[in-house]
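Two complexes, one shared chain (chain A), two partners (chain B, chain C).
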Partner chain A sequence: MDSFWEFLRHVHDAYGINLVHFYDSFERGRLLKGMLTTLQLSVLCIGLSILIGIFGAWLQGSRFRVLKTLVQAYIQFFRNTPPLVQMFFFYFALGPLMPRVVNDYGIAQPMLGSFAWAMISLSFFAGAFNIEIFRSGIDAVQSATVEAADALGFSRWQAYRYVILPLAVRICLPALNNNLVNLVKTTTQAYAIAVPETLFVASQIWSDRINVLEMMITLLLFYLFLVGILVWGMIRLERALAIPGFGR
Partner chain B sequence: MIASIAARLVGVVLALGAMIGAAQADQLADIKAKGVLVVGTKADYPPFGFRDASGGVIGIEPDLGAEIAKRLGVKLELVPVVSSNRMQFLQQGKIDLMIATMSDTPDRRKVVGFIEPLYYASGVAILANKKANIKTAADLKGKPVCAIQGAFYNNDLQSKYTGQDLIAFKAVAEAQQALLDGRCVGFVYDDAVLFWQKNSDEKRWAEFECLQLNEWPIVPWGIAVKLEERDGAWGKLVSETVTDWLKSGKLLEIEKKWVGSNSKWLVDASAKAKQ
Partner chain C sequence: MQANAAWTPDQPIVSVRDVHKSYGKVEVLKGVSLDVRKGEVVCIIGPSGSGKSTLLRCINALVGIDKGSILVEGQEVHDPKLDKLELRKKVSMVFQQYNLFPHKTALENVMMAPILVLKRPKEEVEAQARRLIKKVRLEGKENSYPGELSGGQQQRVAIARSLAMTPDVMLFDEVTSALDPETVKEVLSTIRELADDGMTCILVTHEMGFAREVGDHIYFTEKGVIVEHGPPATFFKEARDPRTREFLSQIL
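Right, the complex of A and B next:
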């Protein structure tokens, strides 16, 4: 491996192609850590936003007016405001209001840091879309099926859990796929509240080492690869879940 | 036919060249004839050049420009510049003089005429929470530190001192807010800006202290004229003016007025000029 890094160093000296973010161990270390942070943020936000989507869509079908209105208000708020603005709002406006913990050097620090706030705001943002996506799937489930579940003595939650949701998920997978792709790409905005994710680290490297072009290409390929894996997984899932004669 | 057109073209080009040459030869006379001195300064970098409530550019650099205009007996016109266009503005003749936080580097000396003596210098400082008891950069080990994305010392700061990712933001306001919220022990940035912030709002920064980080070198700044004017009448006049400022303490006075305190570099440079 070391000889490969040496080769890249040579490429820089000989041809001016500056891949310092690979051959320099400090830059490589922090770039890898940044990529890992992006991965963590993506996985956590995907999980949380799907949970929000499932429960939000269930609450939307509730008999209680107040609950429905609350879910609607949540969707409108998070769908109609830019994710970057939400992130600033959470980090700079809500963050300091949180309980504080005094750390070992005597400063009262707000409880949640930038990573936690990025995760919360991105999950809420994508969750709002997910509720609407799941609702579209639920609406497409035939009412006769729902009535049949009712007739068989399923409770409202049981009918949702065992009959409606499994069918709805199959219908809305392509739309969900789209939203999750968007979510992974939106994690780059965590850069604005200093989450050391890939874009944050990359911009630090390119301003230190003036290798803007090489860094941009690396960045683009990384996201292409990351989103590619997600899309591949989602397509596999769609195929695995397909029921012959249903939906297609 | 073609030969005669070519000859005529060459004549026109030569004449134009001569005109430009004449214009360049005595910029000082031109400024006096115009009655206006055009100075390029920053407009987004307090306290050196920034906008007041009414939109006018104020600060150390406009004050220095005004001093030179007064000396020449002409009016002052300020043109806001940024780091990426300031040298081009000077080359293109859009400005007569540039006072825009420009660090002195060998590369830049090849492009514009740096005026000796240099008039200012800047280093790195930290605005730190008093409770953290920071004395040098070594005390930052393992602690969260706020910074500005893209500053040249960030890499050094992280790899040699903090050992963890900096909490770096795009702009000063965000980094300050994060510091006030207790998200970091200190905010590392250009010294003059931090000292100015601290002195201009003592109440807001009562819990914080500002100290110079001597781990990074102090880089001097230069006022610049067009390269070919550096050794001409115009360059000489500016050079004499800066020498007078250092001797008379004018620079110290203007720095005190805007920053609230005097930097060691300027005190030393003034003392040296008086000898």
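Right, the complex of A and C next:
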């Protein structure tokens, strides 16, 4: 491996292609840490936003008008405002209102840091879309199938959990796939509240090392790869969930 | 539904009294009454839109009623305080379009409700489900998904699924209407076996031959009322009402 890094260093010296973020162990270290942060943020946001989608769609089918209205208000708010503004709102407006806790160095700081706020705001943002996506799947489940569950004595939650949701998920998987791809790409916004994720670290490196073009290309390839893995996984999931004689 | 002390098996197991039901401005049932005794097979016939399916849905409270009363084993079905689960254990329903759960195998379709709703142990339920699959002559199809089965096979799985709840009364809502003539027979013979076993059955059907042969009592409905009823021997031969006669002449 070391000889490969040496080779890259040589490429820089000989041809001026500056891949310092690979061959320099310090830059490589912080870039990898940034990528890891992106990965953590992505996985947590995907999980949380799917949970929001599942429970939001369930609440939308509730008998209580108040609950339905609340869910609708949530969707309208998070779908129709810019995600960056939402993140600023959470971090700069809500963040300072949180109780302060004393950290390991004896300094009082807000309870939730920038990573936590990025995670919350992105999950709420993507969750709003996920509710609509799951609802479209639920609407497509035949009411006769649901009636059968009712006639067999399933409670409303049992019918949702064991019949409606499994069928709805299969129907709406392609739409969910799209939204999750968008979510992973939108994690770069956490840059704006100084979460040390990939874009943030990359911009630090290109400011220090003046290798903007190389860094940008690295960034684009990284996201292409990351989203590629997600899409591949989702397609695998779609195949695994396919039911003989159902759907296509 | 608590065990009703007043009800004894010699009284009607299902008793429908002057039931009215409207969907919006359309009055679908305009005062329907009928009695079903334990072990009886009752067939409801009549032109489409006469309220037959709605009546079945009212009997197991899938839809509410506007007026009247429906007693199952002496218990008012449309009592707001009724525990619907108790009713579901007594009355089960088979649908025209089978309505199987497409993401579950035949065996799982039969097992789901006893496990989730009746909270019975899985091993016991599985053994029972395999027996029921065998009973409806679908041995070997346990692991097939509904999409891999023919209409008649799906309908028989649906019957097994209903039986798994060990109901006292079974409702059949035009269960052969979506099937081709070949497979109608296999489903009808399954129902006939149930009737022979003493299951109380209420069938909405267009199969006159079957109604005549298996039914203990025939009801003819039109425009939301019961026009005429009687045992098949007299009903099919000596229908008095002109509306019944006209319907029968078109069908038979």
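Just so it is clear, the second predicted complex is superposed on the first by the 244 of 248 C-alpha atoms of A that agree within 3 Å, B and C clash if a C-alpha of one lies under 4 Å from a C-alpha of the other, contacts with A are read in each partner's own complex, and residues count from 1 in each chain.
Operating definition for what follows: a residue touches a chain if its C-beta (ideal position, glycine included) is under 8 Å from a C-beta of that chain, and two chains touch if they have at least 3 such contacts.
Everything quoted here is computed from the prediction, not taken from an experiment.
Have a look at chain B and chain C on chain A after the superposition and call it: clash or fit.
Pair status: fit.
Between chain B (first) and chain C (second), which, if any, makes contact with A:244: first, second, both or neither?
In the superposition, A:244 touches chain C alone.
Of the partners chain B and chain C, which touch A:21 in the superposed model: first, second, both, neither?
Neither partner.
With both complexes overlaid on chain A, does A:148 touch chain B (first), chain C (second), both or neither?
Once the two structures are laid over each other on A, A:148 reaches chain C alone.
Regarding the shared-chain residue A:135, is it in contact with chain B (first), chain C (second), both, or neither?
Neither: A:135 stays clear of chain B and chain C.
Which of the two partners, first being chain B and second being chain C, lies in contact with A:194: first, second, both, or neither?
In the superposition, A:194 contacts chain B only.
When the two structures are overlaid on chain A, which partner does A:12 contact: first (chain B), second (chain C), both, or neither?
Neither partner.
Can you pull out the angle centred on chain A between the C-alpha centres of chain B and chain C, to the nearest 10°?
Seen from the centre of chain A, the opening angle is 160 degrees.
Touching A:204 in the superposition: chain B (first), chain C (second), both, neither?
So A:204 only meets chain B here.
Report, in whole Å, the shortest distance between any C-alpha atom of chain B and any C-alpha atom of chain C after the two complexes are superposed.
49 Å.
Of all the chain A residues, which ones make contact with chain B and with chain C?
No residue sits in both footprints.
Where on chain A is chain B touching in the complex?
26, 30, 33, 92, 95-96, 100, 105-110, 113-114, 192-194, 196, 200-201, 203-204, 207-208
Which bits of chain B are touching chain A when the two form their complex?
By the definition above, chain B touches chain A via 129, 131-133, 143, 146, 149-150, 152, 154-155, 158-159, 165-170, 174, 177-178, 181-183, 185.
Tell me, which parts of chain C touch chain A in their complex?
Per the stated touch rule, the residues are 60, 62, 84-85, 88-89, 92-93, 95, 97, 99-103, 112-113, 116-118, 144-148, 158, 161-162, 165.
What does chain A use to touch chain C in their complex?
Those in contact with chain C are residues 142, 144-145, 147-154, 158, 162-163, 166-167, 170, 243-246.
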